[in-house]
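Lettered A, B, C, D, E and F in written order, each chain numbered from 1.
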Amino acid sequence: MPATDEEDTWVWSQIKAEAKRDAEAEPALASYLYSTILSHSSLDRSLSFHLGNKLCSSTLLSTLLYDLFLNAFSSDSNLRSAAIADLRAARERDPACVSYSHCLLNYKGFLSCQAHRVAHKLWTEARRPLALALSSRIADVFAVDIHPAARIGKGILFDHATGVVVGETAVIGNNVSILHHVTLGGTGKVGGDRHPKIGDGVLIGAGATILGNVKIGEGAKIGAGSVVLIDVPPRTTAVGNPARLVGGKERPSKHEDVPGESMDHTSFISEWSDYII
Amino acid sequence: MPATDEEDTWVWSQIKAEAKRDAEAEPALASYLYSTILSHSSLDRSLSFHLGNKLCSSTLLSTLLYDLFLNAFSSDSNLRSAAIADLRAARERDPACVSYSHCLLNYKGFLSCQAHRVAHKLWTEARRPLALALSSRIADVFAVDIHPAARIGKGILFDHATGVVVGETAVIGNNVSILHHVTLGGTGKVGGDRHPKIGDGVLIGAGATILGNVKIGEGAKIGAGSVVLIDVPPRTTAVGNPARLVGGKERPSKHEDVPGESMDHTSFISEWSDYII
Amino acid sequence: MPATDEEDTWVWSQIKAEAKRDAEAEPALASYLYSTILSHSSLDRSLSFHLGNKLCSSTLLSTLLYDLFLNAFSSDSNLRSAAIADLRAARERDPACVSYSHCLLNYKGFLSCQAHRVAHKLWTEARRPLALALSSRIADVFAVDIHPAARIGKGILFDHATGVVVGETAVIGNNVSILHHVTLGGTGKVGGDRHPKIGDGVLIGAGATILGNVKIGEGAKIGAGSVVLIDVPPRTTAVGNPARLVGGKERPSKHEDVPGESMDHTSFISEWSDYII
Amino acid sequence: MPATDEEDTWVWSQIKAEAKRDAEAEPALASYLYSTILSHSSLDRSLSFHLGNKLCSSTLLSTLLYDLFLNAFSSDSNLRSAAIADLRAARERDPACVSYSHCLLNYKGFLSCQAHRVAHKLWTEARRPLALALSSRIADVFAVDIHPAARIGKGILFDHATGVVVGETAVIGNNVSILHHVTLGGTGKVGGDRHPKIGDGVLIGAGATILGNVKIGEGAKIGAGSVVLIDVPPRTTAVGNPARLVGGKERPSKHEDVPGESMDHTSFISEWSDYII
Amino acid sequence: MPATDEEDTWVWSQIKAEAKRDAEAEPALASYLYSTILSHSSLDRSLSFHLGNKLCSSTLLSTLLYDLFLNAFSSDSNLRSAAIADLRAARERDPACVSYSHCLLNYKGFLSCQAHRVAHKLWTEARRPLALALSSRIADVFAVDIHPAARIGKGILFDHATGVVVGETAVIGNNVSILHHVTLGGTGKVGGDRHPKIGDGVLIGAGATILGNVKIGEGAKIGAGSVVLIDVPPRTTAVGNPARLVGGKERPSKHEDVPGESMDHTSFISEWSDYII
Amino acid sequence: MPATDEEDTWVWSQIKAEAKRDAEAEPALASYLYSTILSHSSLDRSLSFHLGNKLCSSTLLSTLLYDLFLNAFSSDSNLRSAAIADLRAARERDPACVSYSHCLLNYKGFLSCQAHRVAHKLWTEARRPLALALSSRIADVFAVDIHPAARIGKGILFDHATGVVVGETAVIGNNVSILHHVTLGGTGKVGGDRHPKIGDGVLIGAGATILGNVKIGEGAKIGAGSVVLIDVPPRTTAVGNPARLVGGKERPSKHEDVPGESMDHTSFISEWSDYII
């Protein structure tokens, strides 16, 4: 469900209202809130400004990056609607996300993801060296390393985000939630399609490592710290190192909810505890 | 055991002596040592200056942060005594910590923890947007992501620290040692008390993931890479993914020492090796 | 096989040609490419400039670091030949590495490793406070935490690199490939020789934790997410938490290839799948 | 004579060609030339980028200023045509001006004047505090202090420019050349129209001070170091402290040329020497 | 007449009200106004913050300067009352000064003078190298070069200020107005008392040069561009190069008003015009 | 008399000793003194570092400028001996110059002159765009505008320096002292040799303007505020606007001393006073 213009307008007006309230309550933060949010006429401009200032370096100036982001956001409405969907995802799924503006300003997962989308757009336009340079800045600044060729859907929550690695041929569907230290990695030194494909609504717990061109089915759940080298069927749960399907590989347990949205990380404990000595 | 004024004075005089010795031996570093340590009249000022310069950005100026830190440290003596206790913890428990000044200047775990305490103070004073902005800077700069609401004791060693994630309702006792990539995470998207409680003297190995409102008892040890979803009784050891208690859950082995202080990561190997094929 | 002068010249001319081509195709990146590569007369100067600008802070100026790097590289030809060998390693082993210049500019693993070698040189020259300050900057900027005393060979690939931790007495051989979040850690709070020794040609998968003064034999492979507390014989594979040798500890399977070079992360899946429920 | 679109295009293409030639001849400058000129698609963008980076401070970010300049230049074609006319003025009148790009990048008089025009536009749009803040930055960075209310024509050369002061109600016509340290000042502490009015084609020599609401007629010349407190008729020359008309106030000498364009500073020497003892 | 506490409070409340009004009217400036004024609890803090950020360099950090200024202002109430008197002077005497906040933020003469007072305080405390370094920064940033030993009264207006030079043994009284490019210089290479003494209420026009240990009497006026090498009696006017007393040296004209406050620069024109050919 | 190697060594050792003494007495300045002087092994390096940090901008990085300066100083010993001669000139002629290190760090005239010499060297090597870019930085940062083609001798004192303008074909001899706001300007818009030639030992007072290809003879003196359009014979004094020779143009007074060294600005007062009404 793409963000409508109305939704855009509503979310941006929420962000401004939140920032206004916070600026009034906290003068020490007002300068920051005005420069990042309140002085801007649109989410596109606010986000471009914030990313430009976050990702710049002494050799890649903030003005250059700001220009790059603003051009991308204003020429491709998908980028904005994806940003809106990601803001909603954080707000709905993360109880620590107290406001849209908090996510916009402070969530390195959110910011990495928006910057990645611009890098990906550059990649598809055959501006590869620029795309790689931008990805490198994301990796330095946020410790989030997503190859610019990786395809990522909407409604994504990278929670905490530090240490996330997503390889070149990985694909992530819509409404997926991925915790920190998650790897969607390749294997071997041969090119080609070699990274995981993550279906819609998947939840991947902290520190999980998924390697190779495997398919994590729609609505599946990957337990924290799991090492996954195999396909995981839709609506099932894989846990452990190496990862096993909860309920057994022949007739794995299936859950009704969409874990990428419900964020239920530990429903499998009761079943899993059988393995605990 | 809180740091006394005498102890404060002694540690600060040590730090100055170390920095003086190093500045004389290494002119290339003298400018750095003077600006961060030798030009300051107290640990509060030195630490505020260093954190202000480390955590500033183009939209959150060093002068603003310096002011914020200095106000916090000079109005709350607990912050200083906690810093002293943490310095001692690093010096005593980490053989690579060759001096107090090395910890003060270079340990991102130490610096993250002191900055977190200021963010936490802001949080408790209902200055939440500022607390969250500060935590966001800590997460960007040090890759240490501690929610400002999390409560943390004294005598803490975050060793290496990169990738540590501590959730909103987590509590960490005194004299705890936590290695890098450790997660004290929540589960689900419902708010409320949902993160681990870590007792005094606990040691948590690198890459361990502890999820949910579980209780890690006083003096317990969590092996590196463990995924812990259950309570761990005092003075016992949990290892593996999923974590099991060494010695079995009925009569787990108990150790005499305080692992958070002894830093013995691998005493369980002999027992554990039984499980190794 | 050390890099010859001819090889140096060839690699540097490749880098310049790549940068020239990219600058022409992408004006927005040309400024960056000229300042980092095309304005320099040698790889030493380009690398020193780039590292100086990446690792500087408000209290450790870029000019100071540039001077430090340039002095090191121009006085020790081993540093340059190691850089060349690492560039070749990335180019040959990582299919996402599309050019030498991409590695030189954007690979935080490559940059961390070169900066570490300078820190290590300072350490061996008894300039320890400076070595530690430099390592601290590497840890802040790249989230790669290598103790300056650690000894590292040539032809090293730190792939993605975020979260790598290498302890004081660790030794890494030649032609080793190490993925992100890998820990070569110590145990206990006693000093002395307490970190892993990694043989030539080893491959260590993402998130693996190796603790203590254990020996990972030449050509061994450590699976992603493994927790290794024991010696691993040459040409064998250890996987899991705790890590077991594939094929069993009595007669472990031996592979013919050099995993550090072949980058085959998952050859053990077929054998391993026996353990998967 | 306003700059036509064709002229715009031609001047911008000249600038790019000059910068390209210089970048090829001087790799050390190429990064600078690409970031300021060669990476931009128009003079507006190049100028906005350059002014944003020159005039920014830690509390007025380059991205904010860049945005401000770009909005002004793209919404008001008079600003661009005035810039073109000023570039031509420098190129034609100043023998030390070797290229358009040299003027665009390096002439503080040119840059101050363009930035002033934007400040003036803000002033007329009743955005006075912003206009004053921008003027203050011009005064700090270039030591050129022009009140944002002052009205300035086209084809202006501020040569060297350091120390120029232009008051609130001053008016400067077209094709005027003004050297450094020139003051167009007020008198008294009463508001209202109190500053000089400079006609078209006037030349004002270095260090001249013109005070009060006096009229410097079209094509007049003011000698270096003069202090002018009276009206100066068209095509006449005033010199000295206090300034006298060359030839006497009753029948002053008249010149044929336009001194603001011919730049003849010293034609009056022969006549003046009569006064020299 | 020293500023009273009440006056302090009133001026500061005016400044805050002005800044609040401007921030509301101009979102693009709000961030600047909050960081410089609205986030601060006192004029001391606002001024220290602003000067610290204006005068810092890569080798003299803003945090260090902020600390220095704040310590000076909070330990010496004369500095604050002088600042208040100077703000009032600008507001009353300069018709272009539309608000106190405009002066505080944008007047390089005002800012130079406040920073000079701190440098002078350091000088009198025998912290001479620091005083000289601070003066050097004022000279670089504002092009205002006042020796830290020079003694300056209260109620001073340095209008425009660029190019002002005040020597080591110069003394400036109260309620003096000095325009830009004014020199109070020495003569010869011998030390000792060798610079001008400027009485209360003096007005010195733009570009005037006063050399040597001469006395400019209380309420005197020096015309723009004058070169003064002699004493000027109280309430008289000196003009020209070399400067002559208006009315003749035997019985010079005397004025009733205080030119440093009335700012009447040109009352002498009628008399002077006699000399104009 | 060129500086000998011995003299170099002695001056550099003085500078280090002064800086060491000041660093010990003033901890707040120690960081600055170590980074600019005490961490360097030679005057060349110290000066290159200081100039690189002073003159850098966001588009001309300090590392690039440092490299440029260091290459120039280490390849051309004349640059160093000229710097030494200028340091001595300031120390001997300016009673406010309390130490060599004060001049090296804080005198914008000294720093501008050294940077100009490097720009001039680039100019003579046909690296004109780079020379012009460097001169532009000097003009922005120090408000000293010297064309890179201008030829300047040794033993130069630019006292205060703000506002000095020196044109393309100007020549300045040895042991010249020039105060602030002095212009050595051209006339007309025709190229060719059009700027003043200043002989050895000349003293030019504050605010003097010398225009055209005129010759100021060896040992001549130009009074403050003078406007000089004619040749001035050796050992004579020109004062006033327009400048007249003291003693009359037929038989001007001749002085014995070298004013550029004696710094006697006002010896002519007694004679001049005859003209004062």
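By definition in this document, contacts are C-beta pairs under 8 Å (C-beta built on N, C-alpha and C of every residue); 3 or more make two chains touch, one makes a residue touch a chain.
Everything numeric in this text was worked out from a predicted model, so none of it was measured.
Asks: Please give the intersection of the contact partners of subunit B with those of subunit F.
Replies: A, C, D, E
Asks: If we look at subunit D and subunit E, which chains touch each of them?
Replies: A chain counts here if it touches both subunit D and subunit E, which gives A, B, C, F.
Asks: Per the definition at the top, count C-beta pairs in contact and tell me whether B-C or A-E has more.
Replies: Per the contact counts, B-C leads.
Asks: Can you tell me the C-alpha superposition angle of subunit A onto subunit D, nearest 5°?
Replies: The best-fit rotation has an angle of 180 degrees.
Asks: Over half of interface residue numbers shared between subunit C and subunit D means same, under half means different, so which is it?
Replies: Both copies touch with mostly the same residues.
Asks: Whole-Å distance, subunit A centre to subunit B centre, using C-alpha means?
Replies: 27
Asks: Could you please state the distance in Å, as a whole number, between where the Cα atoms of subunit C are centred and where those of subunit E are centred?
Replies: 58
Asks: Where the centres are mean C-alpha positions, what is the separation of subunit B from subunit E, in Å?
Replies: From the centre of subunit B to the centre of subunit E is 51 Å.
Asks: Touching at least two other chains at once: which residues of subunit E meet that condition?
Replies: 28, 31-32, 35, 39, 53, 58-59, 61-62, 64, 143, 162-163, 181, 207, 225-226, 241
Asks: Name the shape of the chain contact graph, picking from line, ring, star, complete and other.
Replies: complete
Asks: List the residues on subunit E that touch subunit A in their complex, please.
Replies: 23, 27-28, 30-32, 34-35, 38-39
Asks: So in the complex, which bits of subunit D are touching subunit F?
Replies: Its residues touching subunit F are 22, 25-26, 28-29, 31-33, 35-36, 50, 53-54, 56, 62, 92-96, 98, 102, 105-108, 141-143, 160, 162-163, 179-181, 205-207, 223-226, 239-241, 262-266, 269, 272-273, 275-277.
Asks: Quick check: in the complex, which residue numbers of subunit F touch subunit A?
Replies: Spelled out, the residues of subunit F in touch with subunit A are 58-59, 61.
Asks: Spell out the residues on subunit C that touch subunit F in their complex, using ranges where they run on.
Replies: 31, 35, 39, 45, 49, 52-53, 59, 61-64, 66-67
Asks: Going by the contact rule set out above, which residues of subunit A touch subunit C in the complex?
Replies: By the definition above, subunit A touches subunit C via 57-60, 64, 68, 127-130, 132-133, 135-136, 139-140, 143, 145, 147, 162-163, 165, 167-168, 181, 183, 185-192, 194, 207, 209, 211-212, 225-227, 229-230, 241-245, 248-249.
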